[in-house]
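As structure tokens, the structure follows; a few thoughts come after it.
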Amino acid sequence: MVRIAYVDGHATDLAFSKSFWVDALGLVLTEETADALYLRGLEERNHHSVVLRKGNEPDMTAIGFKVYEEEDLDRAAHHCSTIGLPWTFVERPAQGRTLAFRDPNGLPIELFASMDAVPSMLRKYGVYAGARVQRIDHVNCFSSDVQASYDFFVDIGFRTTEYTAADEQDSLWSAWLHRKGNVHDIAFTSGLGPRFHHVGMWVSSVTDIIHTCDVLATTGWLPSMERGPGRHGISNAFFLYLRDPDGHRIELFTSDYLTVDPDFEPTRWELRDPQRQTVWGMPAPKSWFEEGTRFPGVAVQKPKIEAQPIVAPW
Amino acid sequence: MVRIAYVDGHATDLAFSKSFWVDALGLVLTEETADALYLRGLEERNHHSVVLRKGNEPDMTAIGFKVYEEEDLDRAAHHCSTIGLPWTFVERPAQGRTLAFRDPNGLPIELFASMDAVPSMLRKYGVYAGARVQRIDHVNCFSSDVQASYDFFVDIGFRTTEYTAADEQDSLWSAWLHRKGNVHDIAFTSGLGPRFHHVGMWVSSVTDIIHTCDVLATTGWLPSMERGPGRHGISNAFFLYLRDPDGHRIELFTSDYLTVDPDFEPTRWELRDPQRQTVWGMPAPKSWFEEGTRFPGVAVQKPKIEAQPIVAPW
Amino acid sequence: MVRIAYVDGHATDLAFSKSFWVDALGLVLTEETADALYLRGLEERNHHSVVLRKGNEPDMTAIGFKVYEEEDLDRAAHHCSTIGLPWTFVERPAQGRTLAFRDPNGLPIELFASMDAVPSMLRKYGVYAGARVQRIDHVNCFSSDVQASYDFFVDIGFRTTEYTAADEQDSLWSAWLHRKGNVHDIAFTSGLGPRFHHVGMWVSSVTDIIHTCDVLATTGWLPSMERGPGRHGISNAFFLYLRDPDGHRIELFTSDYLTVDPDFEPTRWELRDPQRQTVWGMPAPKSWFEEGTRFPGVAVQKPKIEAQPIVAPW
Amino acid sequence: MVRIAYVDGHATDLAFSKSFWVDALGLVLTEETADALYLRGLEERNHHSVVLRKGNEPDMTAIGFKVYEEEDLDRAAHHCSTIGLPWTFVERPAQGRTLAFRDPNGLPIELFASMDAVPSMLRKYGVYAGARVQRIDHVNCFSSDVQASYDFFVDIGFRTTEYTAADEQDSLWSAWLHRKGNVHDIAFTSGLGPRFHHVGMWVSSVTDIIHTCDVLATTGWLPSMERGPGRHGISNAFFLYLRDPDGHRIELFTSDYLTVDPDFEPTRWELRDPQRQTVWGMPAPKSWFEEGTRFPGVAVQKPKIEAQPIVAPW
């Protein structure tokens, strides 16, 4: 497994979605069809990292990861069979062979080894716009059983960088897991799950995020601004959380760090530590804690470990 | 009248105040005596723009303005006599002759023409620290009668840049008034008054404010962070509101504009317009609307125009 | 005199000029006619601060200043007559009565009290583009006799903030003069004059200037980048110097300071001090020292004080 | 091989070196002994990434890389034996077993699997100072035979991200090679070699680099500023090159990108392309092209491929 590669969800009004993702946020529109938008960040050389397809339900179809080589897909299918997970190969535009399966909690995952190459826009400063999003960074999902989600992903090679312990026995309340060498490719938080919480898009500077706030708030997109800007303790992220026209949540995100060392010691956070969530900034709104995007055809479960109330530090 | 020049208040523990203003915020400590701290911003060439004197009550003694010449002090004294305001000349360290009086609402004002000169630190980048505060920018006070406050200050030459109308007859709920050519030297907001709301300190960049958030929140000063960062509609300020150890409120502030044109048309805001207060960012906490520093020996009055509830935009 | 208000010059290809000033630099295009472009910065409420009119010679027609009131124009005309300078009233689109005259060195000056009002775009973050220029800040001209230029402008009320002394007797080699309360509205440097050196446009942040470098260098405008980015000692400016398609020079500029105090002591620089010109950054190219825009119909003169060679600090 | 981990060089005056690296640049001083300084960036959890040891010759002793596990050291020793490179195990403070050898061109390399753990300062914003250096990013060396350097490093698992072709047959003039997933851990440029060109230290923002320029230039360190700030085409780096008191070169560096994809296509640059070196900014000084730090006991060779003259774009 190389890295998180895309999110693929439904949008009820593609024109409206395009005005948000492309005109306001400034993502690069690789391709637009009658039924779908294929988007990417400025530095990305793969055809898409966000796919929005026309649909009646604004759900999230799949989370895509890139693997090293074609054979990894067969190895992964074999692994699924071994642990009793059904799998299938699906067709995805601009991608090579794509394996689809659901993790033990029902999370829909797609794996691929090759995707159509497109030019990096990193040095095309003339096309920089909006939030100047550089690349997809991670996804964050609600899980009803974070320990089970963790076990599955660690088993296939993910590594932990930070986690929240619900008690002294380190019962997992949330976990940040990576492959690509920074804080995370995927994270899980205890909650009604599986549900999609957000896709994190990496931007290079605090000033780009503040300017995005100014632009969104004065061009009709104020309702899209759900939380922030602020600083998380976990991941050290300087963040802004947005909701797209269908409620899909996006985190604009910067200030992470390198985690490639094999002897990297994960950071443990106490669930009750207020700076875990919010080093500074107002507490998150209720919607941020409770709302998420459904995955189609997956029943959600109540979390095994209930969230304890966040005590605001002031 | 040239400009706002200083605030002079009491602090109950000067060492604690120094750790906040100098060590955390990075103001330049021009002089420290057993009884007082004299502080200034990096570019300032006058001895002090913030004076904190040891006292049992954390009140605000006076707001100081610089006038053009010595004779202006006598003209101001004469004007006070004319409109029935008692006045006196007082001694202030490092200042020339200083006229003290209270405005018709009881606001304690001091005027001076000369202050000891000290070097600008603007080009001494090695001493830049904390929020890299450049200079005092303005004060903001609660007034029980904004129209009366406005009339007094406009009468002595202040000019309006922005104001909030409480109704269609433009009853003044708040007003931003300047002498030095940007948005304000002093502003008044309707409330239990006269009370001091905050002193605005100008910083040159958004990144300095965000870094200040990170520093304060991780060095024990999280409780000092009252509101923000965020963007005001009024004044276009990118702001962070802090409370010093005695509760004196400071606004770190950037993004203003030039207002020297004599035909400058003030901007009118509706009291109910949510973007007047907050273009984006969480609504201000109750303390920000209600708490202020007392001026010693001045009875406060209920506001003539009650504040209407701020309707948060989301 | 309120402030510098506009530069008015000729352009040989308006479409090309527009692609530079509007598409690349992001100035607001207030009005476009068959013969002229009227441009302004984001915060500006006057119709134009840069006028480019179609012409065969890329010269600079006039430098415009705003005065307080209509009567000031008559007072200025009277002053001109008194000191033997011919004057005339001219028609300028979107302006009220406009007085035109040449200063004793031949510098073409226009004065006006009123200009058509247009909306400030300061809070319209959706239209921010390019360098996000906020407003005109100053002009800088070569003068063959800086002392004479200085005397004329100080006589009509300009105030000095910084100057370069050619010798121990303080023979003026350059001078920075203001009305609006920051470092300058106009500056003069010793050289073949009178010629226009540059118009300074104020931007709010270092990051906007660096992004402009990236954009210009990758969209075909690399040849427009003449000097910088860097830091001047004089004025503390963080700067980038550009040449428009006709060679008119623009300084993108930030980091100035407040100068409204009547007892402000001008900063004296030694001509030989290398940090006067360049705190850091490469020495300026020859073109920056030697090239300027002609004013039509004005013979240029050799400077009374020759420039001494700039000794690069490394 | 995990990543570049440290540079270890000699300094002739440790107190002077400390004033540069710690007081001016703000690196974290992990440990100071009578003979050595052990430095690291704010986020680093390993004991050191820069070691300066007292010596009479300001040479560079070794370049250190971290490997995944102890057994990798034995595998590396075996590999060295196989290709005829002598190796030895050496003692290094705060490190586990350390393998030392020279690559085929004489470059002194050290490998280790474990180093003493120290706390990350990433969230200790109160200690941020100077350039706010986050971590070591890469080293860049002159090689007399870039193809041979390239072959050795690619053979042990490094991957190419960008390179300069000296001709149409892609004769290698320079190459950027990585392990950790961004542009490089090590790069080679054709020149009198082997010599050390610079160590790249990652900073998170353009504003930190500009502030470092202001600080260095006004605190006596102007002579340390060799080149920049500017933008490289290669690597997209926003850079500033410094020389420490012994001439060891440092690049402060930001704006890189993610390179973990196995199908990542390296970027080819023409040697004559002026934007390869300098997207914008002045051409590099001669010293930057010619000067480098010697490795002790290694004879330098003339480059097989001579550098072609850089044609400045203006």
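Read from first to last, the chains carry the letters A, B, C and D; within each, the first residue is number 1.
Everything below uses one rule, namely that a residue touches a chain if its C-beta (ideal position, glycine included) is under 8 Å from a C-beta of that chain, and two chains touch if they have at least 3 such contacts.
This one's a predicted model, so the numbers in the text were calculated from it and none came from an experiment.
Asks: More contacting C-beta pairs: A-C or B-C?
Replies: Looking at contacts between chains, B-C has the larger number.
Asks: Chain A to chain C: how many Å between their CA centres?
Replies: Between these chains, centre-to-centre, one finds 49 Å.
Asks: Would you mind pulling out the distance in Å between where the CA atoms of chain C average out and where those of chain D do?
Replies: Comparing mean C-alpha positions, chain D is 43 Å from chain C.
Asks: I'd like to verify one number: the distance from the centre of chain B to the centre of chain C, where each centre is the average of its C-alpha atoms, in whole angstrom.
Replies: 33
Asks: Touching at least two other chains at once: which residues of chain D meet that condition?
Replies: As it turns out, chain D has residues touching two or more other chains at 123, 205-207, 214, 217-218, 279.
Asks: With chains as vertices joined when they touch, what's the shape: line, ring, star, complete or other?
Replies: complete
Asks: Once bound in the complex, which stretches of chain D touch chain B?
Replies: Spelled out, the residues of chain D in touch with chain B are 123-126, 128, 205, 207, 211, 214-215, 217-219.
Asks: If we count contacts the way the header does, which residues on chain D are in touch with chain A in the complex?
Replies: For this pair, the touching residues of chain D are 2-3, 43, 45-46, 66, 68-69, 114, 117, 120, 122-123, 134-135, 180-181, 204-207, 233, 236, 254-255, 257-258, 260-265, 279.
Asks: What residues on chain B touch chain A, complex-wise?
Replies: The touching residues are 206-207, 210, 213-214, 216-218, 222-223, 225, 229, 231, 238, 275, 279-282, 313-314.
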